[in-house]
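Some structures to go through are shown next.
Next, two complexes with chain A in common: one pairs it with chain B, the other with chain C.
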Partner chain A sequence: MTATPGGMESQLVIAPMVVVLVTAVGSLLLSRRPRARAAVSIAGGAAYAIAVGAIDWYIVLAPDAPGIATYQVGDWPAPFGITLVADGLSAFMLTMVAVLGVASLVFSTRHLPGGGGRSYYFPLFHFLALGVTGAFLTGDLFNLFVWFEVMLMASYVFVAYSGGPQHTRAAFWYVALNLLASAIFLLGVGGIYATTGTLNMADLALRLADPAAYGLDPVPVVGLLGLLLSVFAIKAGLVPFQFWIPTAYRAAPPQITALLAGATKKVGIYAIIRLSFTVFAGAEVAVDFPIPLLGLSIAGDSPLPFVGAALFLMAGASILVGGIGAVGRDSMEGVFAYSSIGQVGFIAIPVAIAATTIDPGLRELAIVAALVYALNHTLAKGLLFLAVGAVRSATGTSRFADLGGIASRSPPLAIAVFVGSLALVGIPPLSGFFGKFLVFEAAAKARAGSVLVLLLVGSLLTIAYATRTWNRSFWGAQTDAVETSTVDSVQVAVLVLLAATIVAVGVGFEPVYAFAEAAAEAALDTEGYVDAVDPIDASELDDSTGGDH
Partner chain B sequence: MTGVVLAAAIGALFALGTFLLLRRDLIRVVWGLAIISQAANVYLLTMGGIAPATADSVPVLAGRGEHVPVTADPLVQALVLTAIVIGFGMTAFALVLSYRVYEEHDTLDVTELGDRE
Partner chain C sequence: MTTVIMRTTARAIVPIILVVAISLFFEGHNLPGGGFIGGVLTVTAFAIIYMAFGLDFLERGILGRDVDPGKGPSRDRVVVAYRRLFAYGFAIAVGSGLVPLLFGRPFLTQTYESLEGVPIYGYLGIASALVFDFGVYCVVVGGLLTILSVVGAE
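For the complex of A and B:
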């Protein structure tokens, strides 16, 4: 039984996962030989980047690329086995993770954060990447839960990694919250299975599009989608689920926080986009929620208007809470942690616009806006958190009270941070400009005046906290801590390269836009997704093919 | 009848878990989390149907033809097994972590811990 057409593309789908798993185990075996361990890690990171690049080119971007490829694990046909799917959306997300992951990996070889667990740093790093990669590639809802857990377990250890009083406490809150979230995820998964009889995403989309043909009553999926949405919002750190972010981000080593903000947050965003648009957009469920106080009602033929309304509220609140919170912090990572809350709001606003509109053109534009903004946030925030790591390993502190004048002490470091801050603010020609521009364009086309005002306020807050961070730590006279510091040259080189990437993405925006457009098309193309996965309708199986696998 | 009993049991487990989760003692919080995970597992198991199963009542078999034996839903059992393993690992980790918290702070009182910003 050959359920995997297209040979090489199909093998490529699983390649990043195999590479990162082998690297993780390899670095675990070499725990007594630090140099070999670092070498294996770097080689694994490079191989991972190559595998992701191959997916980008051969599956999505090449002129004759199929646009989507699947790998049926164990050659079990969907929906009975686990399906891995690489399409434009997955490839776009993987690319962001690969760029930031390699940067953080190289950065980590220079100055490993202290604590007794140094030999487990690299294995954990790769297991974190494995969870993120699996979440982006899986085409099965329960398998998504499993990859979430893989990702979370590694991140639990990293939050507790430094082992001080505040770290263990932050880790406990983080673990408790996410264990609860996992139970809620299971409730959603179980309910969806009982309602539809499948957990394969393509099969789910197929069955929900025509529930009568399968004898299903799909109404419960709206509420169950709400449960899943809250779990994903916890991962993405949207208000009102943002409270864990500042403590956890402060506790984890900065080079890991770069990944938490740049990669695991994006897993939440990815899951929202994938499930809302690829899977549930075509569901034949009429929703009608009256809101008595405002005299409004949320109505439509699919669960999307409900998703849109919920996301608008959460994203709007995130922009305000994150922006206002960031202005008053007293340390670099505190500012950037709150900034992450606000920036994720900027990513979720266009997703909400896409969910609310019925115009297919605007829907695609809005998804593109969300993806470009997500890319910018991954690069800029990744750079800034790595910069926190560089400042900390040079001066031993990242509190504003002890910092000042870094710009004259290490101009390259300052330039990199300057570029990252400007990208966050959205100055042309950096990647952030296009992200902001597209988000504003989507909001303007949706004729959402209040959203525009909100975005404007959020942007002003971004300028305020970015300027303040710059003034307090990089400008002015050198403090004692800065004067006696030596900045690591490799770490600065990584930062400068990331800054150059931000500039390059902005200057050569055309291909990036084309990639984001392909990703948005893939996210909205339910039919193509179902065709590629090709779930068998078992009622058509007869006895001769039923049991011979 | 079995359905009512199971529903009541799941409800009671979730209630107990939530109650423990809101206690001040960190160990009780861990117990609460463990009980909520187990409640989710029992719930997951019931989602496959609890009556003697036929092709109509087991979700993975429903709508897939008549050529299936009378069986309990195998899929939810596989799911629950995975969830139990993950839950077991996480409970162990949470217990170790609460011991570390005790070592670092000399207290397991959530309110006291929260005050030490």
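For the complex of A and C:
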């Protein structure tokens, strides 16, 4: 058994996961001492942020950084063991989660939502973070499935957390839908294993790039990728798989919904980008998929055009359904839940452009656009859902009918929400402006006129619902519920800090852009990914004694 | 369900189930078996006891404690113990994964020690994976029994 090439970079890869695991154990053991548990949770959150920051700097951003690092869990070499891989894309995603996760964690220590399972709130929070972290770091398709399940287990409990009839009903649908999705995921994974004989992502990319050398028939992979894509679309909440989002987001505590919208949704987006570009882009499969009604046909020599076409349809519909749905809601979290559906469409459109174009420059630009937009959505939507939590813990309600005049009651809270809404709309110099700008630029460069129109309509709808939410709850005369409320100062401080982050990302956009560019390069660099993981050729082992185990 | 037939059968099969569960647990690291399946089998033994003798039997009949009938099931001392078993088991599993880091090996690396000339057995292989498996066993037993006794009481 060969030792993994050591080095600090390699150790860093697993650091966030170990930190979350230990924090989860600690908070579980301290279930009798709420204060100690909250302290351990905060310390764990801080350690997590430091670990992710170290990955960002030492693996991706430092001048002499390797750009990618791997960790062979249990000292089993790839492709037999589980490989963890941290590259630019993983690091970018982890950074978004770390920022929002710490904010939500600090927020949660102030006002734990009621319900029966209060003592399990923090352990579950850490398990949710563990699932998200594992999904971003794993280099193995089956292990990705496992982390999805870890993430889901925790989120099931959170959706049912408040324990009322409507929460139980929402949780029931959520569980039923996700069990179905997991079954489809497993089916796709099993099919890919049967077709290619491996589930290590690097090994998979290697085999699909040269199927003849491995004696494979890669054609079924296109359909299996379609299966996986539908599962990831469910997680991301793209139309036609969006229907679970409004009820589940309304049922979960707002500070958890912030994570569901900001982090677990992005896992779906991440999985689409990672599998489509890093793993399947090099697959040698001739695709010819006629669309009889339009007289078009999708053709190419990799599964990407197929992915692109499917994503265009889903993303376009998401923008319209989410935007139109958000305009008519009667509560803050209702608006933001529908808004999440629309915003994920904005993230998926550039991914679709990247999948259909053959110009490598445009492909990279489009992925950068998707990542920057995802970052903005995580920050802005996270802030807005946390604001729902702050409003609800202060006034006891988040329905527009009972709200009004919060701006005069708590100006800092209003300013934070104002910044978050403007970031969602995309006003310079906030982070949202650059997200929207890059998405429009990618669409313009792709000469996709209809997409531009769609994006424009989506942006107008965003302005409409953001304005309406602001007018209904923050302006006007104070209602009774608002007049008698006291806003928690720590919660408002968290919101103001998040708002400051949004402004900072917009004002100091250059390093963020460089980071997103490194992430996009990593997503497209199949060769670098395969080299770093360096899977052993399993067929060679058959000739010898079958390895040294 | 608390018929004479059920009780008599339970007396006979519960020890057998437990022995099988323990043997599955011990051979798990290199044969089919392990902490998870051993744990599930152990829970089925408990489930049969619950079905044959009632939910209070463990506390009253075996541990000899007085049970306050009006109490919520989640406050029973035995349920608290299940929960603690879950937490400790999880700590053991994670801790066993962390130990190799002290020796400069990757997370979750396992090894084994062979003992020759052991009385009766002759040869005995002790795998470090057993510690991780024990953690898993505790998590499964603690978690499932918590669910079983709380949901069963409702």
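Everything below uses one rule, namely that the second predicted complex is superposed on the first by the 537 of 549 C-alpha atoms of A that agree within 3 Å, B and C clash if a C-alpha of one lies under 4 Å from a C-alpha of the other, contacts with A are read in each partner's own complex, and residues count from 1 in each chain.
Note that a contact is a pair of C-beta atoms (placed from the backbone, for glycine too) under 8 Å apart; a residue touches a chain by one contact, two chains touch by 3 or more.
Just so it is clear, the model here is predicted, and its values are computed rather than measured.
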Superposition on chain A - do chain B and chain C clash or fit: fit
Touched partner set for A:Gly215, first chain B, second chain C, both or neither: first
Touched partner set for A:Leu29, first chain B, second chain C, both or neither: second
In the superposition, chain B vs chain C on chain A residues touched: B
Chain B versus chain C as contact partner of A:Gly164, first or second or both or neither: first
Touching partner for A:Leu313 - first (chain B), second (chain C), both, neither: neither
Which of chain B and chain C A:Val73 touches, first, second, both or neither: second
Partner chain(s) touched by A:Gly197 [first = chain B, second = chain C, both, neither]: first
Which of chain B and chain C A:Ala464 touches, first, second, both or neither: neither
Partner chain in contact with A:Leu186 - chain B first, chain C second, else both or neither: first
Least Cα gap, in Å, left between chain B and chain C after the two complexes are fitted on chain A: 7
In the complex with chain B, residue positions of chain A that touch it: 142, 146, 149, 153, 156, 160, 163-165, 168-169, 171-172, 175-176, 179-180, 182-184, 186-187, 189-191, 193-194, 196-198, 214-215, 537-543, 546
Contacting residues of chain B [partner chain A, same complex]: 21, 26, 29, 33, 36-37, 39-41, 43-44, 47-48, 59-65, 67, 75-76, 79, 82-83, 86, 89-90, 93-94, 97-98, 100-101, 104-105, 113, 116
In the complex with chain C, residue positions of chain A that touch it: 3-4, 6, 14, 18, 21-22, 24-25, 28-29, 31, 71-75
Chain C to chain A touching residues, read off their complex: 83, 86-88, 90-91, 94, 97-98, 100, 104-110
